[in-house]
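A, B, C and D are the chain letters, set down in written order, and residue numbers restart from 1 in every chain.
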Amino acid sequence: MTVRAAVAGASGYAGGEILRLLASHPEVEIGVLTGNSNAGQQLGALQPHLTPLAERVLEPTSADRLRGHDVVFLALPHGQSAAVAEELGTEVLLVDCGADFRLTDAADWERFYDTPYAGHWPYGLPELPGARSSLAGTRRIAVPGCYPTAVSLALFPAYAAGLAESDAVVVAASGSSGAGKSPKPHLLGSEVMGAMSPYGVGGAHRHTPEIIQNLSAAAGERVTVSFTPTLAPMPRGILATCTARARPGVTPEALRAAYEKTLCDEPFVRLLPEGRWPSTATVYGSNTALLQVTLDEAAGRIVVVSAIDNLTKGTAGGAVQSMNIALGLPEELGLSTIGVAP
Amino acid sequence: MTVRAAVAGASGYAGGEILRLLASHPEVEIGVLTGNSNAGQQLGALQPHLTPLAERVLEPTSADRLRGHDVVFLALPHGQSAAVAEELGTEVLLVDCGADFRLTDAADWERFYDTPYAGHWPYGLPELPGARSSLAGTRRIAVPGCYPTAVSLALFPAYAAGLAESDAVVVAASGSSGAGKSPKPHLLGSEVMGAMSPYGVGGAHRHTPEIIQNLSAAAGERVTVSFTPTLAPMPRGILATCTARARPGVTPEALRAAYEKTLCDEPFVRLLPEGRWPSTATVYGSNTALLQVTLDEAAGRIVVVSAIDNLTKGTAGGAVQSMNIALGLPEELGLSTIGVAP
Amino acid sequence: MTVRAAVAGASGYAGGEILRLLASHPEVEIGVLTGNSNAGQQLGALQPHLTPLAERVLEPTSADRLRGHDVVFLALPHGQSAAVAEELGTEVLLVDCGADFRLTDAADWERFYDTPYAGHWPYGLPELPGARSSLAGTRRIAVPGCYPTAVSLALFPAYAAGLAESDAVVVAASGSSGAGKSPKPHLLGSEVMGAMSPYGVGGAHRHTPEIIQNLSAAAGERVTVSFTPTLAPMPRGILATCTARARPGVTPEALRAAYEKTLCDEPFVRLLPEGRWPSTATVYGSNTALLQVTLDEAAGRIVVVSAIDNLTKGTAGGAVQSMNIALGLPEELGLSTIGVAP
Amino acid sequence: MTVRAAVAGASGYAGGEILRLLASHPEVEIGVLTGNSNAGQQLGALQPHLTPLAERVLEPTSADRLRGHDVVFLALPHGQSAAVAEELGTEVLLVDCGADFRLTDAADWERFYDTPYAGHWPYGLPELPGARSSLAGTRRIAVPGCYPTAVSLALFPAYAAGLAESDAVVVAASGSSGAGKSPKPHLLGSEVMGAMSPYGVGGAHRHTPEIIQNLSAAAGERVTVSFTPTLAPMPRGILATCTARARPGVTPEALRAAYEKTLCDEPFVRLLPEGRWPSTATVYGSNTALLQVTLDEAAGRIVVVSAIDNLTKGTAGGAVQSMNIALGLPEELGLSTIGVAP
């Protein structure tokens, strides 16, 4: 089986990472690449690390160019996916790395975005309860946001096992590629190096409702989350420090057992041996999420720390993993669990 | 008035920063410098950035060498300050940058350290309620830990104003200089660059009881704190993201007003204008703590973010500020509120 | 004597560094600050590290606003200084941090810039032979480029002493602040971190003729220079590795003696003790240039490595040093020789 | 064909990178892993990025443990390979990542190393003239040093084509992993971040004779090289800026044509299109060497800049590439030409 894949938005960071993974996927043949402002340029000038694709030329993004592929990856600005989806019809597998189809509640969407609510698609975080069955055979995948991936993997086992109360507090540090490739003064290297800084504080970040949606689903009730993202001086990676008030009577043993049981068969989530904590450097370029969990008995809180590569498991790797499931391919195909370190 | 100052432990990061500040302090003359394993070496080989002191030679650390100064800064491993203090007597002002005399509760000390409890000295965080009067004229100063400085400045106004409930959750990112200059594999540049990683999770970090002590004093009742420190890929700086459950009825206006009122006269704490958030890069080498506060109404939490330079306001700058108060000098003398940026 | 100083271009990196230094200069009072695209904004939003100046508001750049000061620092795009100079007249001391008046040869200018040649002003590198006398009392200063500062200080002693032949080869690494604050994709943190990359290779960089001008003046004959600048993953600093073919018969002793003799009285240039090599981290925020020299006898080459802070000694510090000389103030006033490290 | 491979020295950076590559090599099965000070530990505690091998336990390094494999990779301290080689005999393919068998001249060895000269083995830089034929079928491979790889690939085409004179000047910047994993104060993250610094200046670096050996072989005459390595604030990568005096009459066209002709069939060397320059970030984790060349006519010098990953093409990737040739496997097997970026 050879899958012909197109990438819309091939000049950005998400598009580049999708291509890095597809280029070594044994069942994928890379088709059309598109990009609007960069149409007509060689990929080698935009993504010089993709040397085998250097001579490929970007075409303008349009349904016409994207038609005729088995899979189309959309790495477009928010609000553009619905129109492409309508034009392409349901014969093609659409994998949307944007936010457009992630939220199940129109009110959540409207509080955070300025385009009309477009609905929701099967959610591409296979590790969540029930996700694999909704992804199998689907023609539409909403790839999760990078922070929701890191946070949901960290906390859903505690909520699903009934060990955590509603009040979650999450502080996550992300590498600068999460902010994209459009040049802005605060993203300059001169500003980013040596700097830790928060943004979207106080519930203002767009990923907040998506995190709440995932944890509430796992808990079976509405969960509140205080979420603070911070920008860290590194190109890639998310470290999410996630705490939730422990239900009365929770023990360290019960907590660890719940995580082990929930995650033991997951190919891309690894609960570390006790005493070791995850680092973003460990998962650089890998599709693995590393986790460690502990109970802070004095504070009465479960503390889970997860590390992912925001562009791999947090975006493109998660997208390929879900594509594999949708197409009936082995879930791990074309995805590495080894990081590039140091 | 010229103050003759000695520095014990001049080859480490804290000692180097103390010397950087003292070298431009208009009322200080730098006396003896000591260091054990590096005794006999020129400072220029150990702290090459301190060019005017490059030819100074380190002496072995002993009370004999330190005697005869007006002030002695101790930047020694934990557990060594009490003996030096006893030998030097009470004529000299001792400024201890170690942990030995920070904690008021012997049980707290014994849970986290392996040397006997040595007592407590006036606590060198002048911004805390009552601190300046206990520092004025004192001959003994316990300089706070770097994390407790960042966290206490962020949250004490909320607790002192009765706006926050007990349940605080703090995640702080520190530059690698906070881990000191002893070479360990996980502190190598190859390991640190590109890496965010947690340590001392679940209440295990030694600064936890000191944070609880400060916030409890401000609150007038025992406060619980979930504290997670993380190591960030930068040499200096702490960004502390601090949340506390808001008391019922707290409004954004009341919250901001409390912070403005508490901090408006502080020379080294700056509450940023609304909408701007602090960055560690902004306070590089400066004695300023930058703060911003907001109320996350959906999550029911006060969120305060503070940024300091761990070596300046978090250690050596705080030490000099407290020394100034103890000696009756202007509190701001020799301390800059300007960072080196970008 | 209080000197009233204005800064045109206060929102950029050079302007910010000038203000950082002037704010602690004991004889300077900071007057009008200007910036074109940022006129009307508070400095705190643009240069948050300059906390004492946070409420200052930028005015539009014009001769009218700049008039009435004793000194005006120009940190403007190339080609704009001549017009300002003409309007302001010769009563004010103009310190131009741009390239406009650095080159003595119109043909050199025209090969590298697209505005008409404007002439040349006394050159603000006081360490060069004869420079101090041309700066004393002047009303016009052309501040050198950052690379020419690092390279000229490294190699002029060898050329002035007749120890080096024409064929110099220089490779210099600069922090990203040297590229300015205008956001461009290749200067994003995501692109800069982890990346060493060259630019302006093969003699194409604008600083090449300025380097040749300085070294040729020291040598008393035209010198050829192969100059390759590279961008390094750090915000500040230049490390210049400079080699020149050694004249026959040059010995290591004669080489070192020439450097010692030439530099021994310089307050801002430090030849390190033998065996120690300079690092950019050592001079972070300092006006010191660190140097080391050796003779590679097998290769027949003199090798000199210099480290400066590109924004301090390489721009703003050099500017203040030259201003001090021009105004008859002590040359070292307001300038630190201590770096902020680690 | 399945090749059973052992790795001696599996806990260091070279050993870790060899394992990263072998783990996805389709014809290799990973056998025994050894490490002296870390024997008995799980690989997961030492190389946490190699998640599929996390439970592997390190054995002590000895010929007994290494026997019975088809290939043994030696990533040992200098001076230990000869003894292992003798004990293992010539049935096994030994791939030595140390320096022991790189130099063809005993006097060169003795000037730079303190163990006896052990001889030389076929040299694992397949791109050099004649290298592939000496590697085909061999049982012994000396993997080149990382700097010699970057510099030789950059300059050998100019020397082989007779376009360059003897006098080469090379300045190379390396990421800190090149200095290994033994903790030393100057390699701490706090020291490395923000720092460019030289070392081994003036011909003192051990890679100097290896560079001269390779370029002299290409030139057919003894070449002099001034080589200055510098440490850059990044974990991986080498950027080598290499210049050589151009022979009279060399034109830009002739220079480019020589590089195109020499390199056009190389799978792992890419001469970039004119106007684009290499960056280390582009080859992160990739086995590609990127090159660009120009003629600085004013300075009379050929300038070539190369970028490699010091651990991949510069060590482990080069080792696997040479192993493939020795075993008659396709040269590109198990090696990626795509970097992980940004």
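Note that in this section a residue touches a chain if its C-beta (ideal position, glycine included) is under 8 Å from a C-beta of that chain, and two chains touch if they have at least 3 such contacts.
If you're wondering where the values come from, they're calculated on a predicted model, not measured in any experiment.
Visitor: So if I look at the partners of chain B and the partners of chain C, which chains show up in both lists?
Guide: A, D
Visitor: Consider the contact graph minus chain B; what connected groups of chains does it contain?
Guide: Chain B out, touching clusters collapse to one piece.
Visitor: C-D versus A-D: which interface comes out with more C-beta contact pairs?
Guide: C-D
Visitor: Taking each chain's centre as the mean of its C-alpha atoms, give the chain farthest from chain C.
Guide: When every chain centre is compared against chain C, the largest gap points to A.
Visitor: Distance from the CA centroid of chain B to that of chain D, rounded to the nearest Å?
Guide: 45
Visitor: Taking the mean of the C-alpha atoms as each chain's centre, how many Å separate chain A from chain D?
Guide: One centre to the other, that is 35 Å.
Visitor: Using the touch rule from the top of the page, what residues of chain A touch 2 or more other chains?
Guide: Those would be 13, 175, 177, 188, 190-191, 193-194, 233-236, 279, 281-282, 284, 342.
Visitor: Touching chain B in the complex: which residues of chain D?
Guide: Checking each residue of chain D against chain B gives 13, 175-177, 179, 181, 183-185, 187-194, 233-235.
Visitor: Chain A touches which residues of chain B in the complex?
Guide: Listed in rising order, the residues are 167, 169, 171, 173, 175, 188, 190-191, 193-199, 201-203, 224-228, 230, 232-237, 239, 241, 243, 245, 277-282, 284, 292, 294-301, 303, 305, 307, 342.
Visitor: How about chain A: which of its residues touch chain D in the complex?
Guide: 13, 16, 20, 23-24, 44-45, 47-52, 54, 177, 193-194, 235-236, 270, 272-273, 276, 279, 281-286, 288, 290, 336-342
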